[in-house]
Structure formats: C-alpha cells, structure tokens
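Below is one structure; the comments refer to it alone.
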Amino acid sequence: MLSSISIKDSGGLVVELIDVIRENRAWLSKIDGAIGDGDHGINMSKGFTLAGGKLGEPIPPLPDALNILSETLIEDLGGSMGPLYGYLFSSMADELEGQEKLDGDVFGKMLHAALEGVQEIGSANVGDKTLLDTLSPASEAFDEAWRSGKGFAECLEVMSLAAEKGRDATIDMVAKVGRASRLGERSRGVLDAGATSCCLILQTLAKGIRQRMGA
Amino acid sequence: MLSSISIKDSGGLVVELIDVIRENRAWLSKIDGAIGDGDHGINMSKGFTLAGGKLGEPIPPLPDALNILSETLIEDLGGSMGPLYGYLFSSMADELEGQEKLDGDVFGKMLHAALEGVQEIGSANVGDKTLLDTLSPASEAFDEAWRSGKGFAECLEVMSLAAEKGRDATIDMVAKVGRASRLGERSRGVLDAGATSCCLILQTLAKGIRQRMGA
Amino acid sequence: MNRIFNNPDFIVEDAVRGYLKAHPDILAATDNPRVLRRPAAPQKDKVGIVTGGGSGHEPAFLGYVGNGMLDAVAIGEIFSSPSAKAFHDAFIAADGGRGVACLYGNYAGDNMNVKLAAKQAAKHGLTVKTVVANDDVPSASKDDRSKRRGVAGEILMWKVGGARAEEGADLDEVIASAQKAIDATRSIGIGLSACTIPAVGKPNFHIEDGHMEVGIGHHGEPGVAVMPVKPAREMADLMLDHILPDLPFEKDDDVAILVSGLGATPVMELYVLYDRLAEVIEARGMKTRHLFIGNYFTSLEMQGVTLTMMRLDSELDRLLAAPAHSIGLTRV
Amino acid sequence: MNRIFNNPDFIVEDAVRGYLKAHPDILAATDNPRVLRRPAAPQKDKVGIVTGGGSGHEPAFLGYVGNGMLDAVAIGEIFSSPSAKAFHDAFIAADGGRGVACLYGNYAGDNMNVKLAAKQAAKHGLTVKTVVANDDVPSASKDDRSKRRGVAGEILMWKVGGARAEEGADLDEVIASAQKAIDATRSIGIGLSACTIPAVGKPNFHIEDGHMEVGIGHHGEPGVAVMPVKPAREMADLMLDHILPDLPFEKDDDVAILVSGLGATPVMELYVLYDRLAEVIEARGMKTRHLFIGNYFTSLEMQGVTLTMMRLDSELDRLLAAPAHSIGLTRV
C-alpha cells in the first residue's frame, strides 16, 4: 500500500465528485426542502454537471481539474454554492501547486485551506449549521490522526467518520446563516443540506485516494 | 274562507318573498355551485335585501311593492337575475293595474305575464333547465285547475305542487342556457338553481295568499 | 381561501374606492358608485365609448378607462353583469352629444342588461349602438359564432374603438371599426387551476392537479378538452391550432398578439409560452406588429393563459398604434 | 403543480428568450445568456446601473432594464443569485466609462457573487460601487439593519439611481442618491399562500389555509408572526404599524408608496388594501406624491402583498418623477 498518490494522474477524483453529487441530487434537495428551499441537489448537480462537461479528455491533473470545477461553480452556478464550493475547491487546488505527490501533509493543508476559503467568502462560523460543521471537525480529526503518526489511509478513514459525525451533529443545531436561519428554533431537528453534500465530497475524496493507494 | 285578497293590503307578500330568499341564501348558492358558479343565493339575497330596504313603512300596495322589487333588481342587481326576475315581477305588477282584488283570474294572468316577461328578456325555452321549468308547469297547472272550477285556494295548492314537480324535473335536464349549459351532459343530475328559487317564490306567494284568504 | 378583503359582499365597493383614490388623474367617480368615467368625460363632440362587465377580471374593465380608450365603465359584482342601471348611467357619463358605442362581451347577463339600458337611453333620445365581442373560439363552433363568448379580444376592440372615436369619427364609423376589430380577432384560453369568489368561499369548478383545460372561459366555463398538462411548446401549438385556421390567419398577415395571464400564472411563464408562439408565428410568415404580454384580462387567482390574435389591415394597425393612457394599457 | 414550462431546469433560459423576442426595443442580448442590457448600453459618459438577482420575481429584475432605469441585469436561477460571472459581465455591459453602480438586494448569495465580480472587475480597472437594499423591516431588528433583506424597495432605489445617472451625475453621486433612497425606504410583506419552483415540484414552505404570515420574505423566508387571516383593513394597519415607526414616517412627510402583489393575489385586492392604506396615510398627515400598485416584485405564484414606503426629499421626489421606460415601470 502506497502512502501518497500522483497528483498528475488523479484528476479522476473530480470525476468521482461529480458522479456522487449527481447521484445524490434528489436526496440533497429533499434535505434542503425541510428547512431551506429544496434546491440544494438541483444547484449542486447543475454546477457539477457543467464542470464535468468542461473537464475534457484525457482528464487533466488534479489541480487543473479542481480549478475547472471551481471556476465553473463560481462563474456559472451562482447562488451561494457557486462562491462557497468554488472557493473551497480553488483553495484546495492552491495547496497542490509545486507538489507532485498528494500525501498526508498536503491533504491536511488542503483541508485547512478549504476551511479558510469557505469562511472568508461566507463569513459563517462553526456551529451555524452549514457545511463548515462537516468540514471543520473533519479537518481537525485528520490533523490529530496525522500528528499522532497514523498512516495517510487510516487518517482518511478517521476523517470520513468525523465528517459523518459533523454532518449528523447539524441535526441538533439551530441555523444561523442562509435561508434556514429565518426559521430560528424551527430549524432544529434535521440535517443541514450543505453539511451533507460536504460530507459526500470529503468521503468521496477519501475513498478515491485510498483506492489509488491500494488501501 | 275568501276567494280573493285585497291588492292594496297585500304588499306584505313581497316582504315574505324577501324573507324566504334571504333564508335560503346558502342553499341556493350550493345548488348553483354544482353546475353554475355558486352565487345564485348570494345574488338573489343581495337584490331582495336591497329591495326590502326600499319598501318603506307602511308597506305599499302589492303592485307598488312588486314594482319596487322589480326596479331594484333591474337597476341595482345586474347579472342575469336582475333582468330576469325584474321582468318577472314587473310583468306580474302590470296585471294588477286597475284591479282591486287579487282572485284566481288575476293570478292566472299574472303567471302568464311572468312567463312571457322572462321568455322575452331571456330567450330561453321550456326544457332548457332554467326557472322557466318551474314557472311554465306551475302556470299550466294553475290554469287547468282554475278552468276545471276549483277554488282559488285549491288552485294555489295545485300550482305549488306543480312548481315543485317542475323544479325537480330539472334534475334530469341538460342545461341549454346560462353558465351550466357549458357543461353539456355533465349538467344532468342536479337541480337548477333558478328553478329552485322560482319554486320558493311561487310557493311563498301561494302560501301568503292562502293565509290572507283564511285558507 | 387566503385572500385580501373586508366584508366579501362589498369587495367590489372597497376595490372601486381604492382605484379612485389611487388614480384620480385617470378615473373619476359618477353619481352611480358602479360607474366610473374618464375625468374628461363626457367629452363634447366625441363618440362615447362604454363597456361593462363583472368584476374579478382586473385590470378589465375599469383599468381600460382612459384617454384613447374607454370613456366610462359599468361595474358588476364579481363574475356578474353590471345592472341595466349601471350601463345606462355609464352611457350618460360617456355621452358627448354624438352617441355612445357600447363595446362589450357576449354573456347572457350583459346582453340582457345592455339591452334594457339601451332601451332606457333611447327614451331620453340618447343613441347607443353596440358591438358584442365573440372572440373565444372554443366556446362555440364556427357556424355558431354569435354564441361565442367575448374574452381578452375585447381589449383590442376597445383600443380600436377608443382610438377611432378620438379621431373624431361618428358613431357608425366607430361601431364599424370596432366590429371589424372583433371580427378579425380570435382567442383561446388554457386553464390550469380554479379560482374562488370571496363571497362564495370555495372554487366553483375544479381542475385536477396535473391537468389543464383547453378552451376554458373567463369564469371557468368548461372548455373543449381536459388533458394532462403539456410542455409549454405543445400548449402554444395547441392554442395556435385552434385559432389560426378559424379566421384563418395566413402567410403575410400582419397581426397583433395579446398573451394574458389569468391572474396567478407567473409572468415569466407567459414569456416561456411566447417564446414558442413567436417561433411558429414567424415560421408561418406572419408579422407581429403589436404585442401585449402580461395580466391584461384575469379571472381572480386562476392559473392559466389566454392567447388573442388580431389580423390587421392598415386601419386597425393605425388605431392600435394610436396613443392611449389607462391603468391597464398605455401607448405613447 | 399546473404550470407553464418545458424542461423545468431551463425555464429561465426559455423565459429570457421570450423576453428578448417580445421586447427588442427595450432589451438586448449580450454574449452571456444570463445578462441582458438596454439596447443603448453601454452609454458613453453615463454611470452604468446594474442589478441582478434570482428569477421568479418578474417583472423584477430584468423588467426594470430601460431608459432612466437599469442598464444591465444579471439573471440567476429561480430564487438563486446570479453567478459572479453574470454580475461581472453585466458590469461590462453597463460600463460607459464612468464606472458602474451595482444596486442589489441583501441576500447571502448575491453578496458573495457581487463581491467576487467587483474584485474581478477591479482587476480590469473597472470601478464598481454598490448599494445593498435592506428595506424589509421584519427581517431583522432596527439595530441590525445591515442584516435586513432587500425587497420591493429595490425598485424605487433603481428608479432613483437610474434617474440620477441619466442626469449626468458621477458614480459617487449616483451611489449617494441610491443609498439615500434605500435609507429612506421601508417595506413589509404579508404571505397568504406558498409557491413552487417548477424544478422542485412542490412548495418549499407552507401557510395553513385561513392563515397569513406577517413579515414573510420574497422566497418564503419566515416572517415574524403567523395568524388567522385578518380583514384587509387590519392587514393594512398591521403593515403600517411595522413600518411607520421604523423610519419613522411622520406628519407632513411626502411619501412614495408601492403596493406590490406577490404574484397570485388578484389585483383588485391590492386596491382593497390600498383603500385603507390611503385612509391612514392621509389621516397621519402624510402626502403621497408617487404611487405604484400592481405586481411589481413577485414571488412566482405566491399569494400576498408587500407594502413599501419611501420618505421623499426634493431630490428623491424629482428622481422618482423623471421619465423612465421599462417593461415593469414607465413614466412619461
């Protein structure tokens, strides 16, 4: 089992992201429907599908693929998801610059950059019932596992579990930003849509990287 | 038991008409709702109530009271009921001109005049599922009973029954005029609203005249 | 029923009061609370243009009172003809000494009340001539055109009659132009959901969810077919299939188009429909010289749409282009 | 859901095509299918006026492109912010060399996308300044005004900004006037029924039959109170109770009033409401100098109404009175 993957050859990870979002279109919209306006799956699927059409063949290297996804979201999608996920993916891509291998060090930095990017553009805080509530604990768990000396593959596994726990923790939160925030206490009791899509994205990345490492 | 009533003293008949229409506001609208637009009771009640406010005290003689009702309907009510019932009542009033007593002869003429008035303005035919289908058999039945030598009070009784039968016969008819006609075959199976209000009117007149004669 | 009114029996009165407060430059009161007029009416030596009809179709009918349009309007209860007296008083409010053209829609109540009112007016020596709009194609067969209802085509008829009167034409000329206008006009509606008269409190007809009613009338009068909702393009084609052959509209015709929402259909959807209508009309070699899209003739909160087309000659073209200023339609 | 569309995912595209076909005199295409402009834009030496927002609010936003109003508009999906690229391309379409004023509403997506687009524009040396409308009183407390949403007050802000730019003002002057306009403007909405985004297929919120939601937002954002439907007069009083003290509006103020239906409320009911609004506003000693009643800023087929009031000084009064010509608002 490897402990890193080739950045140049891993653009396919973005294809996997696109697929997972498209597959979960209805589910994500349904979750958004409970306390939002029911279009999260529609929005995400539209943006990711558009990006899919722009990737081209052969699939470009991972940073280029991430940037194509980011630009498509920012330029063509609009809404909140365009800028938020757009920044998330371009921030990740920035960390790959000058690197050849994606290993635990680099991946940890990607998560940090993603978190900062989303916070910068969206000005939300952890606990506000947003995708940050998946991203932030996932990033922390990864850091801790990596610092404690676990292997990259195992750290990804830890992160996936933390992302899921983070996502599920949004059930008990009251939304502070976005449409759902208008509901106040009534927003408690259901998943946050963005936290759910973010969990799908992180888990798909983890799974894709692990597979490429032969884990 | 008398065989006629004083025309001068019977303006109260119009008050009774107003009352019965107001009492049946909801029922008439409900019937109209099945194949029409559900406003027959509202329309009738509005027009008759307005007329009630114009009758004044003491109640004027019957022809004047009928003319006040007629003018109110024609001038203020609009819709189809304004002209149709407006003409019906003014045609009835015309037959009272120069008379002192309302007896079987005069009442028979009133029914004829009413029928002609409604037909002239509305150009509908018997069998079209309208108020004519109450008025026409009622008038015929009255004529026949009167010609056969029955007393006025009994003739009124006969007429009331015929009005009811006429009204009920509209259930099996297909509407040929008015809003319900747009339904074609689908208009079959329910009462006609106008036939129902017309039956109430004729029966209330009959009952009021009979009471005044001491029958 | 979640609606805005006080006593539902007086919703028309309340609305008319609101209209008068809102538009003192366009609408003036008369002694009859059910009759409104242009502030300048009666205008000496101009043929008066009058219409009237039930309420609930706003901006029709009162919204088309204004310069170059109607001089006076008779206002009925919701979906119910104005009284004969209201029509009569509207005639008087509009009469500038050259007679009155009453341009109205083919409904039983309106026919009766206008007839009574015109008789009454004749007694005072006021000449009233009428044109009865019957543009609604699905409401009766072509052989039975006199039975067809009048729908949104009335607006174009008022525009033509109003402009002709403004030109100084006499009563017969105004009547002739208005008659020509409606004879050259065809309409069709598609209903998507029902509506509720506040005083009644529940819908007086029903359209199954996921279905549409082709040829529905302005008060929910049944149409010619109920079918599952079609994509906008097919709706457009269906509407054109009904009205194009009826006149017929043909290659090289100049036309005016009016696409009106029935009240609750989002305006963007009218444009989705128009996108296809324009495509077909252009492909058939017709030229659209006047276009109106919006809620021009509604039916309370019904969902759905009506399409109206008029074939133009140079006179109709000129009269549609003439200036007009009313709440519902303005041309500069 | 009985609505008019083809593929619901492309309803915006279809509608925009229809708008372009219908109004070639008012709207022109750009290279970006989500950006429309005035045919005369960019107009040399005039400050460009831009807005943008989600679709489903027609005639907002694209219906306010026109002379004396907006130069270009960025168009989003239904109820979703346009992309940063659309805003950016709208800036370019509007830029006549004196900079661009982006006058938009306070929504998270719009804020983010405008921010990104303005950054991008700055890189090319194009100056974009912004005013964020926050006229919706119930959406946040007075101390938290920066959190309030923008609603129909945006229309008055565009009118003011557009007229000021037309006068030849520079970017800072336009921004100052638009900011003054929105600072003097307060709105409140009452929702009576929900609406459905075609691609979603079912309402994304719910109002119990017989109930109304006071302070509802333009996308159904929850209001401050849900209660049984009140008579129109009480609705009017409730709305005024929320907005009059907030500015506050006071005796002898000159005001502009905008009463907008949310899409499916019959227009006559807006006038029933206005009848009472006018009564109170007059009784409080205010003078209504500009009045707009109709479906000016809608939310698909929602039932309900918004009330917007602006306190005027002589500048705002002059700018509101200036000529304008757009689909949604025309002044001659």
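Should a chain be cited, it is by its letter among A, B, C and D, assigned in written order, with residues numbered from 1 in that chain.
As a convention for this text, a residue touches a chain if its C-beta (ideal position, glycine included) is under 8 Å from a C-beta of that chain, and two chains touch if they have at least 3 such contacts.
Please read all numbers here as calculations on a predicted model, not as lab measurements.
A.B. asks: Quick check on the contact network: minimum steps from chain B to chain D?
C.D. replies: Step count on the best path from chain B to chain D: 2.
A.B. asks: By that same contact rule, can you tell me which chains touch chain A and chain B alike?
C.D. replies: Both-contact set = empty.
A.B. asks: With chain centres defined as mean CA positions, report which chain is farthest from chain D.
C.D. replies: Result for max centroid distance from chain D is chain B.
A.B. asks: Suppose each chain is reduced to the average of its Cα coordinates; what separation in Å results between chain C and chain D?
C.D. replies: Distance between chain centres: 30 Å.
A.B. asks: Using CA atom averages as chain centres, what separation in Å is found between chain A and chain C?
C.D. replies: About 56 Å separates the centre of chain A from that of chain C.
A.B. asks: Hey, how far is the Cα centre of chain B from the one of chain C, in Å?
C.D. replies: 34
A.B. asks: When you draw the chains as points and link the ones that touch, which shape shows up: line, ring, star, complete, or other?
C.D. replies: Line.
A.B. asks: Strictly by the criterion at the top, what is the full list of touching chain pairs?
C.D. replies: Applying the touch rule to all chain pairs gives A-D, B-C, C-D.
A.B. asks: Any idea which chain A residues touch chain D in the complex?
C.D. replies: 29, 33, 36-39, 42-43, 46, 74-80, 82-84, 121-122, 177-179, 182-184, 186
A.B. asks: Would you mind writing out the residues of chain C in touch with chain B in their complex?
C.D. replies: It is residues 9, 54, 76-77, 79-86, 108-109, 112-113, 115-116, 139, 197, 199-200, 202, 204, 217, 219-222 of chain C that touch chain B.
A.B. asks: How about chain D: which of its residues touch chain C in the complex?
C.D. replies: Contact set of chain D toward chain C: 1-7, 11-12, 14-19, 21-22, 55-56, 58-59, 192-193, 207, 209-212, 229, 231-233, 235, 263-275, 278, 291, 293, 295, 298, 300-301, 303, 305, 330, 332.
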